[in-house]
Every structure is written in structure tokens, then in C-alpha cells.
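In what comes next, chain A is part of two complexes: it sits with chain B in the first one and with chain C in the second one.
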Partner chain A sequence: MEFSLTDPFLWETVIQGLLFGGVLALLSLGLNIIFGVIDVVWICYAELIMLGMYTIFFLYTEYGFPLPVAFAAGIVVVAILGTVLHYLVIRPILHTEPINQLLVTGGVLFFLQGLATMLFSVEFRNLGVSFGSFEAGNMFFPVSRILAFVVSLVAVVGLWVFLKKTYLGTAIRAISQDRDVMPLMGVSPAKIYLVTSALGGGLAGLGACLLVMLYDIHPAIGLTFGPITFMVCVLGGLGNMIGGFIAAFIFAEFIALGGFYAEVEWGYVLAFVFFIVMMFIRPQGILGSRN
Partner chain B sequence: MGSSSFLTGTNAFKGVLLAALLTLPLLGFSDYVLHIAISILLWAFVYTSWSIMGRFGLVSLGHGAFLGIGAYGTTMLWNHYGLTPWVGIPISIVLSGILGLLIGLPCFRFKITGHYFALVTLALTEVARLLIVALRDHTGGSLGVTPVGMVSPENPVSFYALQFASKSVWFYIVVGVWLVGLLIWRAVDRSMLRYAMEAISQEEDASASVGINVTRTKLTVTVISAAMTAFGGAVYGQYQQYINPETVSGIAISLQIVFAVIAGGMFVQLGPTVGAVITILLGEGLRLGFGNQFHGLDVTIYGLMLILFIIYMPRGVLGKAIDAFAARTAPPRVQPGE
Partner chain C sequence: MLTIENVSAGYGTFQALFGVSLEVRAGEAVAVIGPNGAGKTSLLRVISKVISMTGGHIAMEGQSIDEVPSHQIIELGIAHVPEHRRLFPRLTVEENLRMGAFVASARSRYEERLAFVYELFPRMKERRHQLAGTLSGGEQQMCAIGRGLMSGPKLLLLDEPSAGLAPVIVQQVFDLVRRIRQEGYTVLIVEQNIQQVLKVVDRAYLLEVGRIKMSGPAGDLLANDEVRRAYIGL
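Here is the complex of A and B:
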């Protein structure tokens, strides 16, 4: 294919990539805050999103709840799941080797994926909601993607305001900076970890709201979004929200343009190879500071 | 542990067990039972290969990449170039070792450890899976690929193609492969490599200061593990006569390798084998017990077991059993680092 900057399809692809970047940025937010504060990687993060998607799907299609109610319920359910995950699984081994915490959530990944397969079977489900598409020039963009992009921008700003301007947010940031001294200042890490897990879960739930509009739901969908979400976080510098935000757009453009010039798998291959190479060049992430 | 002449009690015991194992195909079991036994031993070899590096804290979530090179390398060379697996397998092993070197060198040079090493290797296995899918014109993509068959009912054995119709033949091959894995494990366990790696996993800078070449030591272990895993992948492809990107590469199989080893115990020689026994028998048992009506039940229980293992039994079933046995028979001993 010939390279041309005036090709409208190229620009459509670039903008599609930007929109996808918004989704990835939102997906990485919850994982990033969990890592930044608790220092744990939830390998099962995308499986929590999957359960949120099923919650929304069944409330909306089977029980006839209005979509906004189903979305709110999805966020709450995943937030509770996140808290339970921390309390039952992470907390007992918080003081053992860090790699154990990563691996135990891998066990949760299999557990949730198996559970979803048993309960919902492997069939692909679709919410069946279409928001139509938006035309600009000769380019078409699905409204759901634009919505997803806007929601993730709002979520990023909202999270930033919460962390900077509220008492709880300040306590969370304080714990993430020094988990040894803060308990002496009257901040209980155990409580902050629970709140952070709920927050991370809630953000995963918000991710579920966006993904359920864009993709079919099936028990293995977590394996599609899990690896790319970790890589976005690591490339941005685990725990660094702004870095993760930028990394999300870099990855999304790799995938979009790879899909434009070849098949979409090539986009992912390029993105992951780029990730591996960047880990060698800047192991602390593009914006991270490694201590 | 140290003094073991060939005729000590434990060796005699092992010999009897091995002899009993070798008579298995002669006892008239069905092909299904043999298939389960072959699967257990084959995966036990792959899990042992992983634990060669995993036991020293080099937790790779990317062994699907090495498995994929072994399986696809051998099959592609055979299908497209007619190259016999007798040559294809060594080539795949060498390629896998080179990949281990390529990914390991910068990781170890730049001190990428723990979470970061796990996630870099995770990216690697996804690259392998996606490459297999993307190169669908050559690899068959997601549908998988079958090595061009040379055996038929009239001609059940092809040494040239390394294809055998008989499950018994495969059983003996795989027992051999598994034993080789255990011997390599023990050779590493008794070498200076082990002491160097243990020192490194405790305190990297201090080990370097007493003259251990940290990067080279880690690389050696990684390359051994990667090469062995590729061998396992190649044998898997030859035995199954079918491979696809999901079963040999990607995040799912890579995590499965890690977790089976954790379940069995990665710090003892037969731990990964016990892990293979537990996970495969669990899956088959549930499948036979419940049929396919509870599709997903095995994965659910498996996940739950892993969570409980990591929280309550981080040294695995066999490790725990050996610890408990040692605590009862031996006077208390101070564990280093505890």
C-alpha cells in the first residue's frame, strides 16, 4: 500500500486509534492505582472487567433494567469484587514475596474465567445497543467509541482531582509514597488498601461499561484485554497515571496503524515488541522514576 | 542427600518405581489411559524445564514462546521443507535457546526482575502467539496445523518423520524425555550454578561483589530452561499431530505452566511432575465425572486450588509433604533466610 498523508482512510485509522487509546487509558487506570498504592499487579484485572460486562448484560437484556442503572450496578459490583479480592486473597500474603501476589491473582484469573464458562457458557453475547455513527468529512466513527473516549478523559481528570483535592485521595497518595511512615501519622494502610481496591474495582467496572458497548462478551475476553492493559501500565511506569495515559495512545496507534497496513495481529506484534524494547531502554517506563 | 551409592535404599526404591512405570503399556490398559500417562509425563517434562529457572525466582510468564518455537519450528520445517524432525528438533531447540539469550541478556543486564521480568516475558509469549496467528499463510493461523502424516494403518511407524501410531511407543519415548528432564534438574541442583543462583536470588549486588557473574549465571539457567521447553513443545507436536497457537503459546498456557509447578512444588525434583499429575488428573476426573455439562468446572476448581496453594502451601504439595516428613524425622534445623 502506498503511503500518503492525504489518504482519508489513514486519517480515519489514526483517529480510530486515538479513540481506542482512550479505552485503553481507562482500562489501565484501575490497575495503575492498585499497583501504585498496594504494589500488587492484579493479573485477573481484565477478568473483573469481564464479570462487570456480564452484570450489565444480564441486568439490561434479561431483567429489563434501564442501561444507566445496569451501568451503575456493573461499577458497584466490580468495586465490591475488587474489595473482596483484596480482603480474601491479597491481604493474607501481602507480606510474602511480591511475585506471590502476582501469581495468586493469576489463580483468580482461572477461577473467574472457569466460573464464567460454567455459569454463562462459552457463547458470545452482545448487548445489542447501537448508538449509530458520527460522520466527519468522509470519515465515519461509531458514537460508542467517541463516548468511550470522552468517558475515559473525564475519568482520568476525575481521578486526578480526587487524588489531589480530597482528604482520602491525599491519604492514598501518602501511603503510596511511604508505607512505613504513614501508619505513624495515623493513616491505616489496611483501610486505605481496601478503599483503593474498591476504587480500582470501580474503575474496572467503568471499563466494563465501555467495553460492553464495543465488544461481544465471552468468558475468555479477559485474555484479549489483560496483556495489553498490563503493558500499557508498565510502559507508562507502573503506578504512574499520566505515563499510562500516554502509553495507552502509543499502543493504540501501533495497533490501529498495524491493522491498517497489514492485519490487526501485526499491530499487536509491533506494539508488544515495542514494549519489550522499551523495557530495555527505559525499564522505569516512559515517565516513571524507578526507586 | 550427599552420599548416594547406586544401591542405597532410595535408589532401589526409585528403580522399582521406574520398572513399575515401564510395565504400564504391557498391562493391557486402554489407549485412553496411556494417553493420560503420556500427557502427564510430557507436561511434567515441560514443567520441570520451567522450574529450572523458576525455582530461583526467575518467574517467567513467557514459556509459551519457547514451547511455540519447539512445536511450530519442528512442524514448519517438516511441512514446508521436508526436514526430518531429527534435524528440525535440534534447530528449534537452538532457536529457542537463542531467543532465551536475546530476551534474558537485556533483562539481566538492566536488572529487570520480579514483576517486570514476569511482564516482559508475558509480552514475549503474546508476541509468539500473535506471530503464529499473523503468519497464517504459513502456520495455518488460529486453526492450527497438522504435521504432514507419514503413518497409516499399513505403515504404523515412521522413524524419519518421528511419527508412531502406537501409544505404547510414545509412552516409552516420553518416559525417556521425562527422565532426561529430571537428570538435567538434578545436574543443575548439584552444580555450582545452583549455589550461585541461590546467592543471586537472595542478594544480587552482594553476589556480584563476591565474584559471581550474575548476568552469565542467570543466562545459563534461562537458556537451559528455554531449550528444554522447546524440546517439550516439539515432542508435544509430534505426539499430538496437531498444534494451534492457543495450546502452545500465549498467556493461558504460560500461566498454566507456572501454576502446575506451584501446585506440585518447584523446589523439589519431582514437584513439577506431581503438579502435572494433579492438574491433568483433576481435569480428566472432572470431565469423566460431570461430562461436558459443567464445562469450565475444572478451570474453576483449578483456579481455586491455586489461590489456596499460594496462600497456604507456597512450597507446593510435594514440598509441603517433604517438609512435614523432615520435621517429624529430623531434629529441628535453622532454615536460612527465615
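Here is the complex of A and C:
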């Protein structure tokens, strides 16, 4: 294929990549904040998103709730799931070997996937809502993707403001720097961990709102987004939200441009090759500092 | 204000304090002095419940704090400025100070107390947007004390404020303590720098291997031959 910077399809692809990058950035946010603050990786993060998608789907299609209500419920449900996950699964093993936390949340992944298969069957479901598309020049963009992108950016900025400007947000940043001194400030670390888990879950729930507009829902959808979300976080530097943000756009452009010049699958292959190479060059991630 | 009665405490099987009794009255500055490993830090930690007591009683203004969890101690008016300062290195000076005002009762007076801390330590105002980890040792101590003051405490616990600082800076830190005293705060300070600390406090207790060996007006301890020989090197 000929390379031309004036090719509108190329630009369409680049912008599509950008839009997808916004979604990936949002997905990475929840996982990153959990790791950055609690020092635990929720391997089952994308399965929480999957449950959020089902929540929205059923509330909207089966029970006839308006879409915004279903979205809000999806966020709340996943926030609660995140809190429960922390309380029941993470908290008892918080001070044991890190491998235990990986194994146990990995176990939760298969549990949730199996549970979803039993409850909802392997059938692919679709929200069946079309938002139409937006035309600019000769380029077409689905409105759902633009919406997802805008929501992602608003969430990223909103989270930043929360972490920067509020007492609770400052405490969340502080606890990752020195946990044991927190009680002397009148802060209960256990409570901050629960709040952070609700926040991470809420972000996963918001991710569910965006993904449910873009993709079919099935019990294994977590496997589509889980690994790439994890890799975005690792590439950015686990726990580093700005790094994750940058890495999300790098990944998305690899996938989009790979899809443009070959097939989308090649885009993923290229992105993963890039990831592996980067792990040799900068194992701590783009902006990471830990080993 | 603070009454410690026959308190014992330790870490696991290691016992750090054996039946320590001590009192701090309102408006006083009291020092606990003693060599490294005497249990001075443990004493402050047991007051703020960072470690739990195995025996004895502690009361703040007549109210028992034996059952109060660590994160609620600050609400009783006790602020603990810990050993090694323990600032949040990747938060700015102002964010560190904000953490000192985290409890609900302190938030409403945040602006007022921030202005007070900045007036007390103008250097902190200059550096308010700087990351705490980039401050010099003396500045970090100012920030740590400032963070302690942000909750508007009745009693300030200072753990080895001069530790790890250059001699010139140590002098400045004791000046800080003097200034805080002038502001009317009640202070319980733990120090290894015995000669300096005894010049800024009213009374002192000598702690040795977890037991109070001696107590009295600061001047008496400073003049005591045994103290001078063992700890001041004169």
C-alpha cells in the first residue's frame, strides 16, 4: 500500500486509534490506581467490567430502565464489587507474598467467568443501541466512539482533580508513599483501601458503560480487554497513571495503524512485539520507577 | 493533661517499656531523654497507639485512651511528629500540611492554621509547591512540625527532631521548638541530644532500658553529675 500523508483513510485511522486510546486509558486507570495505592494487581479487573456490562445490558433491555440509569447502576454495582473483592479476597492476604494476590485474583477471574457462563450462557448479546456516525471531511466516526473518548478524558481529568484537590484524594496518594504514618494523620488505612477499591471498581464500571456501547457482551469478553489493559499499565509503569495514559495511546495507534496497513490482528501482534521489546529496554515502564 | 501510669509495651516478644509512669501538665514542655534503644520512641508510639500496651493506663485530659485506636488519637488533641519526620516525599509541602489537617474537626480551620504555620515558618511558604522529598533536613523538620500543628493539637509529641541533622541545623531545630513553646503549645519531646533539649524544656525524665531512672526540673538534670558523665560527656 502506498504511503501518503494526504490519504483521508490514514487520518481516519489515526483518529480512530486516538479514540480507542482514550478508552484504553480509562480502562488502565482503575487497575493503576489499585496497584499504585494498594500494591495489588486485580487480574480479574476486566471480569468486573464484564459484570458491569451485563448489569447495564439487563437493566436496559430486560427491565426497561433508561440508558443513563442503567449506566449509573453499572458503575455503582462494579464499585460495590470492587469493595467486596477487596474486603473478602484481598484484605486477608494483604501482607502475604505478592504471588498470592496474583493467584487469588486470577482465581476470581475464572470464578467470575464461569459464573457468568452459567448465569448468562455463552450467547453474544448486544445493547442494540446505535448512536449513528459523525462525518468530518471525507472521514466517518461512530458517535459511540467519540462519546467513549470524551467520557474517558473527562474521567481522567476528574480523577486527577479528585486526587490533587481533595483531602481524600491527597490521602490516597499519600498512603502509597507511607502507609504506616497515616494513622498519625487521623487516617485509617483500612478505610482508604476500601475507598480506593470502590474507586477502582467505579472506574471499571465506567469502562463497562463505554465498552457496552462498542462491543458485544459475552462471558469471555474480559479476556479481550484484560491482557491489553494490564499491558498498557505495565508499559506505562505499573501504578503510574500518567504513564498508563501515554501507553494507552501508543498501544491504540499500533493496533489502528496495523489494522490499516494489514489486518487488525496484525496490529495486536505489532503492539505486543513492541511491548516485549520495551520490556527488555525499559522493564520498569515508560514512567515507572520501581523494579 | 497527659497521664501515663505504669505502662508496659513491646514488639512481639521484645519488651521495650517496663511500667513507665509520666505526666505532662498543660502548658509544659517535657523531655524524655536517654540513650539509643532506651525505649523513648516506643513511649511516644504507645501514646499514639502505633504499638499497643501490654499493661498500664494512659489518659488525656482525664479521659482514658487505652481503647482508642491509633487513627483517632489525633482527634483527642494529640499530634505525633514521628521519628525521621516521615513526610510524604512525592507530595508538595502544602499537600503534606493538608494531610495534617485531614480530620474533620481540623478541615474547617485549614486556611487559618495554614496561615499560622506559614507565619511561623516563612520558609515553608516559599517552598509550598516544592515536593517534600526535595527539602533539606532542617526544612523537612519544619514541614513535619508544621504538619503536626495543622490539626490544632493541645499536645505535640516530638520524636528526635534533631536526629540525622547537621550540627548547625540541630541548633535551628531547637530554636523551632522554642518558638512552638512560645506559642503556648504543650510539648512532649524525646531526644538523644540531651544537652540541647534540657535547655528548652521545663522538666525531664531519664529513660534507661525501658524504665524511668530519674526525673525532675530540666536544670537539675542538666546539673546532675551522673547525667553529665553518662550522656553529655563532661
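We adopt the following convention: the second predicted complex is superposed on the first by the 287 of 291 C-alpha atoms of A that agree within 3 Å, B and C clash if a C-alpha of one lies under 4 Å from a C-alpha of the other, contacts with A are read in each partner's own complex, and residues count from 1 in each chain.
Heads up, the rule we're going with is that a residue touches a chain if its C-beta (ideal position, glycine included) is under 8 Å from a C-beta of that chain, and two chains touch if they have at least 3 such contacts.
The structure displayed is predicted, hence computed values, not measured ones.
*Asks:* Just to be sure I read the superposition right, which of the two partners does A:L31 touch: chain B = first, chain C = second, or both, or neither?
*Replies:* Neither partner.
*Asks:* Touch check for A:L19: first (chain B), second (chain C), both, or neither?
*Replies:* Once the two structures are laid over each other on A, A:L19 reaches no partner at all.
*Asks:* Between chain B (first) and chain C (second), which, if any, makes contact with A:M50: first, second, both or neither?
*Replies:* neither
*Asks:* Does the superposition put A:A70 against chain B (first), chain C (second), both, or neither?
*Replies:* Neither chain B nor chain C is touched by A:A70.
*Asks:* Scan A:P227 for contacts with chain B and chain C and give back first, second, both or neither.
*Replies:* Only chain B; A:P227 stays clear of chain C.
*Asks:* Which partner reaches more residues of chain A, chain B or chain C?
*Replies:* B
*Asks:* Does chain B (first) or chain C (second) touch A:A174, or do both, or does neither?
*Replies:* Touch partner of A:A174: chain C, not chain B.
*Asks:* Note which residues of chain A are touching chain B in the complex, please.
*Replies:* My answer: residues 41, 43, 89, 92-93, 96-100, 102-104, 106-118, 121-122, 219, 223, 226-227, 230-231, 234, 238, 262-263, 265-266, 268-269, 272-273, 275-276, 279-280, 283.
*Asks:* Could you list, by residue number, the parts of chain B that touch chain A in their complex?
*Replies:* Touching chain A from chain B are residues 57, 59, 103, 106-107, 110-112, 114-116, 118-120, 122-124, 126-127, 130-131, 133-134, 250-252, 255, 258-259, 262, 294-307, 309-311, 314.
*Asks:* If we count contacts the way the header does, which residues on chain C are in touch with chain A in the complex?
*Replies:* So the residues of chain C touching chain A come out as 48-50, 69-75, 79-80, 82, 86, 88-91, 95, 98-103, 106-107, 147, 151.
*Asks:* Can you list the chain A residues touching chain C in their complex?
*Replies:* 167, 170-171, 173-174, 177-178, 180-188
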